[in-house]
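Can you keep this structure in mind? I'll have questions shortly.
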Amino acid sequence: MSKISFKNDYSEGAHPYILEQLGKTNLEQQSGYGDDEYSEHAKALIQEKTGNLDAKIYLTSGGTQANLLVISHLLRPYESVISANTGHIAVHETGAIEATGHKVNLVNSINGKIDLQEIRETVISHNDEHMVKPAMVYISNATELGSVYTKAELTELSDFCRQNNLLLFMDGARLGAALTSAENDLTLPEIAQLVDVFYIGGTKNGALLGEAIVFIKKGLDAGFKYHLKQKGALLAKGRILGIQVLSLFQKDLWLQLAQHSNTVAEKIAEAFKVRGFNFFIPPQSNQIFPILPNALVEKLHEKFDFYTWYKVDENHSAIRIVTSWATKEENVEKLIECISNR
Amino acid sequence: MSKISFKNDYSEGAHPYILEQLGKTNLEQQSGYGDDEYSEHAKALIQEKTGNLDAKIYLTSGGTQANLLVISHLLRPYESVISANTGHIAVHETGAIEATGHKVNLVNSINGKIDLQEIRETVISHNDEHMVKPAMVYISNATELGSVYTKAELTELSDFCRQNNLLLFMDGARLGAALTSAENDLTLPEIAQLVDVFYIGGTKNGALLGEAIVFIKKGLDAGFKYHLKQKGALLAKGRILGIQVLSLFQKDLWLQLAQHSNTVAEKIAEAFKVRGFNFFIPPQSNQIFPILPNALVEKLHEKFDFYTWYKVDENHSAIRIVTSWATKEENVEKLIECISNR
Amino acid sequence: MSKISFKNDYSEGAHPYILEQLGKTNLEQQSGYGDDEYSEHAKALIQEKTGNLDAKIYLTSGGTQANLLVISHLLRPYESVISANTGHIAVHETGAIEATGHKVNLVNSINGKIDLQEIRETVISHNDEHMVKPAMVYISNATELGSVYTKAELTELSDFCRQNNLLLFMDGARLGAALTSAENDLTLPEIAQLVDVFYIGGTKNGALLGEAIVFIKKGLDAGFKYHLKQKGALLAKGRILGIQVLSLFQKDLWLQLAQHSNTVAEKIAEAFKVRGFNFFIPPQSNQIFPILPNALVEKLHEKFDFYTWYKVDENHSAIRIVTSWATKEENVEKLIECISNR
Amino acid sequence: MSKISFKNDYSEGAHPYILEQLGKTNLEQQSGYGDDEYSEHAKALIQEKTGNLDAKIYLTSGGTQANLLVISHLLRPYESVISANTGHIAVHETGAIEATGHKVNLVNSINGKIDLQEIRETVISHNDEHMVKPAMVYISNATELGSVYTKAELTELSDFCRQNNLLLFMDGARLGAALTSAENDLTLPEIAQLVDVFYIGGTKNGALLGEAIVFIKKGLDAGFKYHLKQKGALLAKGRILGIQVLSLFQKDLWLQLAQHSNTVAEKIAEAFKVRGFNFFIPPQSNQIFPILPNALVEKLHEKFDFYTWYKVDENHSAIRIVTSWATKEENVEKLIECISNR
C-alpha cells in the first residue's frame, strides 16, 4: 500500500508497549483458555476502572464475535434485539446475529444514534406471540458514524430499558474514542451503571486483537464461558488477550491512544471547516464525514486511501476519514495540505 | 505457575522469529480482514508446499473455529459429519458443530483413529429421510491420542469417501506433529491429494494463534469469506495471522518446531519404557500416555503439571504428557530424573 | 363466540366435501409420511393444473412452516431473503426465518406489494462479505393487505430476479383469493412460469390444514424431504394432507371457495363505498380495510369481531374485514345493515 | 396397498368418534391458533386427569415437532440432552434436535430403556466448558422397542435427575400403549409427579394428528407459545387439535384404543411363542419383535407389510409387528394362521 490510508483504524499493528509486553512474557508457561495470570490481572483492573468489583469480564478477539456472543447468550430463542438501522449488527456483520437465530428489529437513527421514540413504538407494537419479543437494545458508542452519546441521552435510554424490561447493550468497539471525544460527558463508571453489558474495544485502539466484554447486571454471565468455547471464541493462548488488554488499561494507555486519534481527526475536520466544507454528520470522534466536490475527492484519492460514503448530489460526495492511535502527524499535514492547494 | 507444565502444547507464547516478524512489520499500513500482503504471501507459499496452486486458503484463529466454519460451510442443513468418538468435534468443542445445526455421527476409534468398518455401517444404515444424511468424514492427524495415519490408512479412507460421496476433512491442529512423527509415511502434497479440505494448525505449533484452512476440492470454498465474517472469525487485523503463518512456512519452521516436540516426547517415552511402563496408546507424536502406579503419579504432580487421563485399575492411571516446540531439554531431564528416582 | 366474526379466514373448519372425503377413506390402510396414494394423486393433479409435469410438490401443514422450510432449504447460511416490510415473514412469524439463521432484508411496500426499486438498491448496496448476500425475493399473493400482483408486475419482478440471480418465492397462503380477484390477470400456469417456487394455501381456503409447496426450478427440491422431517413438518398421517389438497383441486373447488370469499368481500366493500367511506388500501380480494369513524367502529364491535388495523387520525380508524369460503350471506347482510343504520 | 399392514400404528385415519366430533363442530366460528373453546376444554381435562391443575398444556401436531419444541425451549445454547442410543431423537428425527443447536449425548439402552449408570457417567465426565453441559434426560414410554418403564425405574431416574439438576422429559408418543401394558404399574398422575415435562401422543393412538405437551415444573413453559409459532407449529385452525385431544380424553377413549392395540399385539406374540419363536425384546406393548427364520419372513411378506428390524444371524431375522387402535381381529387371525401353517 503506497498510498497513505485513512480508511480505518486497524491498518497498523499494535502499540509498541503491547508488543514489548508480549515479548517479555513470551516464554513463560501460562494456563490456557483465558485462565492465565494476565487475563486475571486485566479483568481485575477493568473491574476497578469501571467502579464495579462484581462486574464479570471476558476477553475475546473481535467485535462481531463479541456482539454475537453477548446477544445469543442473553436472548431466548424467540427474543429479538432492537438496533439503529445504522448499527453494526444490522448492516456489517453478515447476518451474524440472525445466524444465531435472532431477529434484529430496526429503528431509525439520528446522526447514528438510536431513536428512542421508535424503540417505544417497536415495543408497543410487538404485543403477542405472532411477533418476536424485543428483549434488548443495542447501541454503539462511539457510533458507526462517529457520534457519541451524552449522559442525558444514555440516561433516558437506560431508564426506558429498565422500565420496559429490556437489556441495554453497548458495543464499545470505539469506546475509547467516545470517552475522549470533546462532546463526551460520560465516565466509564457512569456507563457501567447505565447499561447491563458492554464491551471495550482493543482492536481498533492499539491492540493486535482483543475486546473486553463486561457484564454488569448480576447473573447475566452464567454459563458464558461455555458459549465462548462453543462459538470458537476461546483462544488456546488466551494470554495474548490478557497481556494486551492489561497493557491498554495500565496507565490508561487506551484513553491516551484514543485521545490521539480524536485530536488528529479534529485537526483534519478543522481544516475542512476552514475551507468551507460541510459534514454529513457533525464530527465528534475519530471518524469524520466531510462533503466534498467530486473533483477534490478524486484528487485526494491520488495520494490517500479512504471510503467514499455517500453520493450527496451530482457533484458532491461525503467521504469517510478515519484516524487511529498510529496516525502520524506528518500524514495529517500532507492531507491538510492537499485540501488547501486545490 | 511454579510447576513445570506438560499439560499441553499451548502454554508458551510464540516462537521468537514470529514475534520478531510481528515487530518488524508493526507500523506498516496494511489492508484489513485478511486482504493484507502477508496473508497473500502466506497463502501462496502454502499452495506451493501442498503442491496445489489451485488450493484455496483461509486463515483463522483457532481449531474449534476452523472446524465449525468448514463443517457448517460444507453441509446442507440435514447432512451430518461422521467422527470418531474420540474426535475433538465429538467431545471437546462444547457442541460447536451441533450449534451450527448438524449432527455428529459417532463411530468407534482404534487408538484414536477412526474405524472405517463402522463408517461403512453408518452409511449403510442411514438410508432414508428419517435419519440425517452423512456427507462428511472428519479425522484428526495427529489424532487426539497422539497417533498418526499411515499412507495406506488414509488412502483406503479417501477411496471409500470418494466412492460414497463423502467429503473427507482432516483436522490438522497438530499436523506438524503428524508429519514429523517417526511413524509417518505421508507428505503434505499426498495429504492434499487424499482429502477434500484440511487445516494446518499454528496455535499448537509455535504461533500465538493461526490456523490455515486449505480447500482442495474445486468450488468448495465458494462464499467462505462470508461465512468467516458471519461467525466472527474474520479478524480486522488479519495481518497478524498472515505474518505468523508466513513465518511458520518460510524455511519449514513449522516442521522444525514439530520435530522438536516429537523428539523430546520420544525421549520421555523411552524413559518410561526403560523403566518398564506400558502405554495406554503406543506413543507416536508429542502426546504420550504412560500407565503409571498412582504413587508415581502423585510424586510427579509435586513438580509437574499434566492431566491424569484414565483410571486403568485401582492402582494405576494413564497420564497425558504433552510436549511443545518450546519444551526445554532441562525440563525433560528433570522429568526423566523424577521417573528414575523412585 | 357469540359475535359474528370477520376476523380472519380460518374461523371455521373444513368445506363439507373435504370432511366427507376424510370420512370415506378413514379406515383404509395407507403408507405414512406422505407416501400415501392420495398425496401422490394430489401432487399429480397440481402438476397438471400448473402446466408443469416436472414440478416437485410437497404438502405441509401451515404457512409459517412452508415459509421457513422453503427459505431455509434454499439459502446458504450467509444468504438472505428480501421481503416487503409488510410481508408475513417480516412481521408475523415470530422470527421464524431468522430462527433458521437467515436475515430478512426489508424493503418498502406499495399497497402491500414489494417495491422493485428498493430491491434494486438492496442488491446494489450488498456488495461484499461484510454484509449478507441477498439470494431470494419473497412476495405474497394475495398480499397481507389484500392486494394482488398483476401480470405486468410479476413479469417485471421475475425478469429482475433472473437477471440478478435471485430466486423468486411466492407465498400463496391466499393464492386462491388472488386468482379469483377482479383485479387478477394471471393464471396458475403463468405464475408457475414466473416464480421459482411457491405454495398454494389450503388452510385459509377450506381445508382443516394443508399447503402445497411447488418447486418449479429444476433441482431446487433436492433433499427437501429430509428438511420436512427435520423441522417436524412431516406428518405421520400425511394422508390427511393428501386427501384435503386433492379434494380442493378436484373440480377446482379451491377456486370456487376463494371466489365466494371475494364476492362477499366485494359486496361489503361496495356497501362501505356507497356510504362514502374510503379505504386504507383499495379492496382487491377477501381482506378489506375501510376507514371508519371511531363511533361506527365501536358500534360494529357490539355485534361483530374484527381487527382495528390502524389509527388514521383522532377520529378515524382503518379496520380489517376478512371473509372466507364459509362466510354466510345472512351475516354479510347483518354487517351491511349495521353500516347503513347509523 | 393390497397387503395387510403391521408396519406401524398410523396407517389408518382417526377413530370414528373423533371424525364425528370434527363434523359436528365444523361450521362453528372459533378463535384461531389454539385459543378455541375445544383446546381450552381439552387442556382442562388433561389437567384433571394428570392430577395437576397447574400443569401447562400445549397442543401440537406431531412427535418430532413436540420433541424439538420442548428441548429447544428448555435448553440454553450450550446445554445438551441425554438420550438412549435407541431414542427417537437420537436416530429417527433427521437431526431435528441438533438443528435447533443442541447436542444429544448418547448412552446405551437396555431393552430400549435408558441405562441410568451411563447417565451417571456422562454427567460426571462432562465437567467443564470444553464440553456441552447435560441439562435434560429424554426417555420414551413406551420405548421405541415397545418396552415400558416400571414405577421403580422411573422413580430412580427421577430422583437422580432432581439430585443432579437435570430436567426429565418423557416422550409419550405411545404413552397410551405404555399405560395399558400388562407390565405397567404407573398411573398418569404418578408420571406427572416424576417427570418435569412430557407429551401424550394422539397421532399413534387414534387421532388424525395431535400431541398434548404437558409442562409440570412451574415456570418451564414461559414464552412457549412464541416458540410454537416460530417453529411453524401453531396451527391456524388449532381447533382440530383441541377437538381431537378432547375426544380422546373424554371417557378415556385414548386408553381404550391403546388397550386394543396391546391386546391384539399380545395375541400375536402368544402365537409366536406357542410356535417356539423367541423375541429380540420381550413383548410389552403394541410393538413386538419376534425372531423368525428368513423363510418364514419371506412367506409373511407375501401377505403382510412389516419391517425387518435386525439380522440376527445368517438364517434368522427379527421383524417388527406393530398393531394399532384400528387393527382388525380378522387380520390378526390371518397373521396367526400364516405363522401356524408353515
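Note that the chains are named A, B, C and D in the order they appear, and that numbering of residues resets to 1 at the start of each chain.
By definition in this document, a residue touches a chain if its C-beta (ideal position, glycine included) is under 8 Å from a C-beta of that chain, and two chains touch if they have at least 3 such contacts.
All values derive from a computational prediction rather than experimental measurement.
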C-D against A-D, pair bridged by the larger set of C-beta contacts
C-D
Just grab the chain with the largest centre-to-centre distance to subunit B, centres being mean Cα coordinates.
C
Just how far, in Å, is the C-alpha centre of subunit D from the one of subunit B?
42
Roughly how many whole angstrom separate the Cα centroids of subunit C and subunit D?
34
Indicate the whole-number Å distance between the mean C-alpha point of subunit A and the mean C-alpha point of subunit D.
51
Residues touching two or more other chains, restricted to subunit C: which are they?
77-78, 93-95, 99-101, 129-130, 132, 226, 229-230, 234
Mind listing the subunit D positions that touch subunit A in their complex?
33, 72-73, 76-78, 100-101, 129-130, 132-133, 223, 225-230, 234
Subunit B residues within the subunit A interface of the complex:
1, 4-5, 7-8, 10-14, 16, 19, 22-23, 25-32, 61-69, 93-96, 99, 203-204, 208-209, 226, 229-237, 239-240, 326
Per the touch rule above, subunit A residues touching subunit C in the complex are 77-78, 80, 91-95, 98-104, 106, 129-132
